[in-house]
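Presented sequentially are two complexes of subunit A, the first with subunit B as partner and the second with subunit C.
Take a look at the complex of A and B:
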């Protein structure tokens, strides 16, 4: 099946905005409240593997975008399911019932972007050590200032403060 | 026993005491000569640099011809080699490893990341100056240095041990409080 045919099949899902990006890659945008149904629909179509949950900070539009990166071994094709959630209330529903591995991906998105996934029981600290700041992947997190305050100074051997 | 503290370099602000006892002095020289020819190394491969250790230890560059050998436990080793960027999580382990090593102990920092952060200088996760948290005897510049530079660094370290300028472990004792303060500044909890 070609990308176009698959895109047409996906477009039957109500509210889906489908676009063929390039060979083997299809982007599917749906409103946030239909995200879970769309994911179930795609899974049934053959996109059985959840590769990653990505997150984008659209700070000017005051929105977070979640990109569910799905792969189908049968069709050798990728689908990017995209939903947008408001930045001031970063909350979404977990996809753990469809793909249990979503638990870990969502845990990462929670730590790096501060997005809360309802019904995910495991949103505990993950990779970061001793973190008490803004989630570091947010665009309003000032990495240079943080580094300057926390790590920067001249070593003792070069005459820095003792 | 000869007092190692007396062989502190002058730029540390510690006066080099003249040991009148010639016998003891020559004993110290022999002891340092023996130390430098039998270094056991524990390597903490944090960043990209660990890959350079394989040719170094095997037949191509053959570190054993310097009397050096990797050691599995810090409690029995003399040299701590830190190969690459250090983040907060690994820094805790490095400090723990360093403090377990018996005196005299030497630290070689490998690559530009421990010197000033390297390409990760503005990353929230990695520290910039390793020298603020533990004393470093020798840096190897480069991103990443080739095994030749590590061999050169070992030779330099041996010279420094012989003339007593590899004094990092004494600095750690002398400036223990500020080192600890720096460490505690970036750790919320130790483990």
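Take a look at the complex of A and C:
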């Protein structure tokens, strides 16, 4: 099946905005409240594998974007299911019921971007240790300032800068 | 019996890097495990947002130490897809050559590591020694041994030196000869068989459910491979069939790599044969590195690394650096959730061995 034909089939899902990006890659935008249904629809259609959950901070639009990167080994096609959630209330529902591996991906997104996934039981610290600052992958987290504040306070004799 | 909480790592023989597991043991049987990644977090994704597009490969080749070329190429391909550029034919073949050589050296590292974790230290010495012949080739081609910083958006940095293909073939002949000696000392060794057969069996249905990729998935009988499913570089023109096995135990996972090692040698020979017959010179397109702007949009590119699907999701806002770059490391599935579930019921001695048998690469979880 060609990208166009698959895109037409996906477009039958109410509210889906489908775009063929390039050979083998299709982007599907849906409103946040329909995200879970759309994911179930895509899974049923053949996009049975969750490769990754990507998260992007669109700070100018005051939104977070979650990209569910799906792959179909049968159709040899990737679909990026995109939902946007407000930046001031970063909450979403877990997709663990569809793909158990979503637990780890969501755990990472929670730590790095501060998005809370409802019903995910394992949103514990993942990669960072004792992190009390702003989630580091947010665009308003200033890495240079953080490094300066943290490491300038260390005396030279203990490995800090002079 | 009383259960004991044990912190295993972050330094232990089971891993190429630092990775810790908190295991709860009853006697010497594991009843619960919690993977603790993060010791190698260097914030590459955040750093990339402050770098030019062309400054990516020197940073991200460090994502997986034994298999650096796949990281460089994955990122480069994602940027090429966004910018809409096509690498010249010879460039694609040189890219595939570095990728297959990288796979060979990563598999040698794997043989060494798994051998070491079950006490076969001779194998560890042999494999690391043989890997050096591949590193010598890399040094001649790229100027570097471990991090090659060779595959850039647009193609490899330069053409192969005169007579390089012959020297590659010579090393392949050597490795093929050595593989027979490995068979005698390692793959038919009673210690190896006893420690790996029927240990930590992964079923095909489980691999599918948990999104396991790469040789681990193929060792369960699931015939998937990014080289076939989403072809890139010169792979569509190369002749190879996927190898699969059905057992899914530690033995099958090691033998899967042993069989793919032979396959990679054959692939390298196909590539060098083709490179000899091609006109030299045209290997890459060079954009202005400092002012190169990439059109708005997003792209994903995946490569079949020695550990599984390694993907790069790149977002551009039309500027001179990535707006967002996210890595999908293969170990994110088999290194955290899958490992935590599979180690339960195994013996303490297999905590390190299973980690190597699954080929967990902690830096691609931590990034």
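One rule holds in what follows: the second predicted complex is superposed on the first by the 151 of 162 C-alpha atoms of A that agree within 3 Å, B and C clash if a C-alpha of one lies under 4 Å from a C-alpha of the other, contacts with A are read in each partner's own complex, and residues count from 1 in each chain.
Just so it is clear, a contact is a pair of C-beta atoms (placed from the backbone, for glycine too) under 8 Å apart; a residue touches a chain by one contact, two chains touch by 3 or more.
All of these numbers come straight from a predicted model, not from anything done at the bench.
Visitor: A:98 contacts which: subunit B (first), subunit C (second), both, neither?
Guide: In the superposition, A:98 contacts neither subunit B nor subunit C.
Visitor: Is A:51 touching the first partner subunit B, the second partner subunit C, both, or neither of them?
Guide: second
Visitor: One more residue to check, A:129. First (subunit B), second (subunit C), both or neither?
Guide: In the superposed model, A:129 contacts both subunit B and subunit C.
Visitor: Taking the superposition on A as described, I'd like to know which of subunit B and subunit C A:151 touches: first, second, both or neither.
Guide: In the superposed model, A:151 contacts subunit B only, not subunit C.
Visitor: Going by the contact rule set out at the top, does A:7 touch subunit B (first), subunit C (second), both, or neither?
Guide: Neither partner.
Visitor: After superposition on the shared chain, which partner residues are touched by A:143: those of subunit B (first), subunit C (second), both, or neither?
Guide: A:143: touches subunit B and subunit C.
Visitor: More subunit A residues touched by subunit B or by subunit C?
Guide: C
Visitor: Using the superposition on chain A as set up above, list the residues of subunit A that contact both subunit B and subunit C.
Guide: 128-129, 136, 141, 143
Visitor: Along subunit B, where are the residues that touch subunit A in the complex?
Guide: Listed in rising order, the residues of subunit B that touch subunit A are 87-89, 92, 117, 121-125, 127-129, 131-132, 136, 171, 175, 178, 185-189.
Visitor: Mind listing the subunit A positions that touch subunit C in their complex?
Guide: The touching residues are 21-22, 24-25, 27, 48-52, 54-57, 67, 69, 71, 73, 76, 78, 80, 99-101, 103-105, 108, 126-129, 136-137, 141, 143.
Visitor: Taking the complex as given, what residues does subunit C use to touch subunit A?
Guide: Within the complex, subunit C contacts subunit A at residues 37-38, 41, 43, 45-47, 50, 81, 208-211, 224, 229-230, 297-300, 302, 309, 311, 313, 315, 323-324, 326, 328, 332-333, 336-337, 365-367.
Visitor: For the complex, which residues does subunit A have touching subunit B?
Guide: By the definition above, subunit A touches subunit B via 128-130, 132-133, 136, 141, 143-144, 146-147, 150-157, 160, 162.
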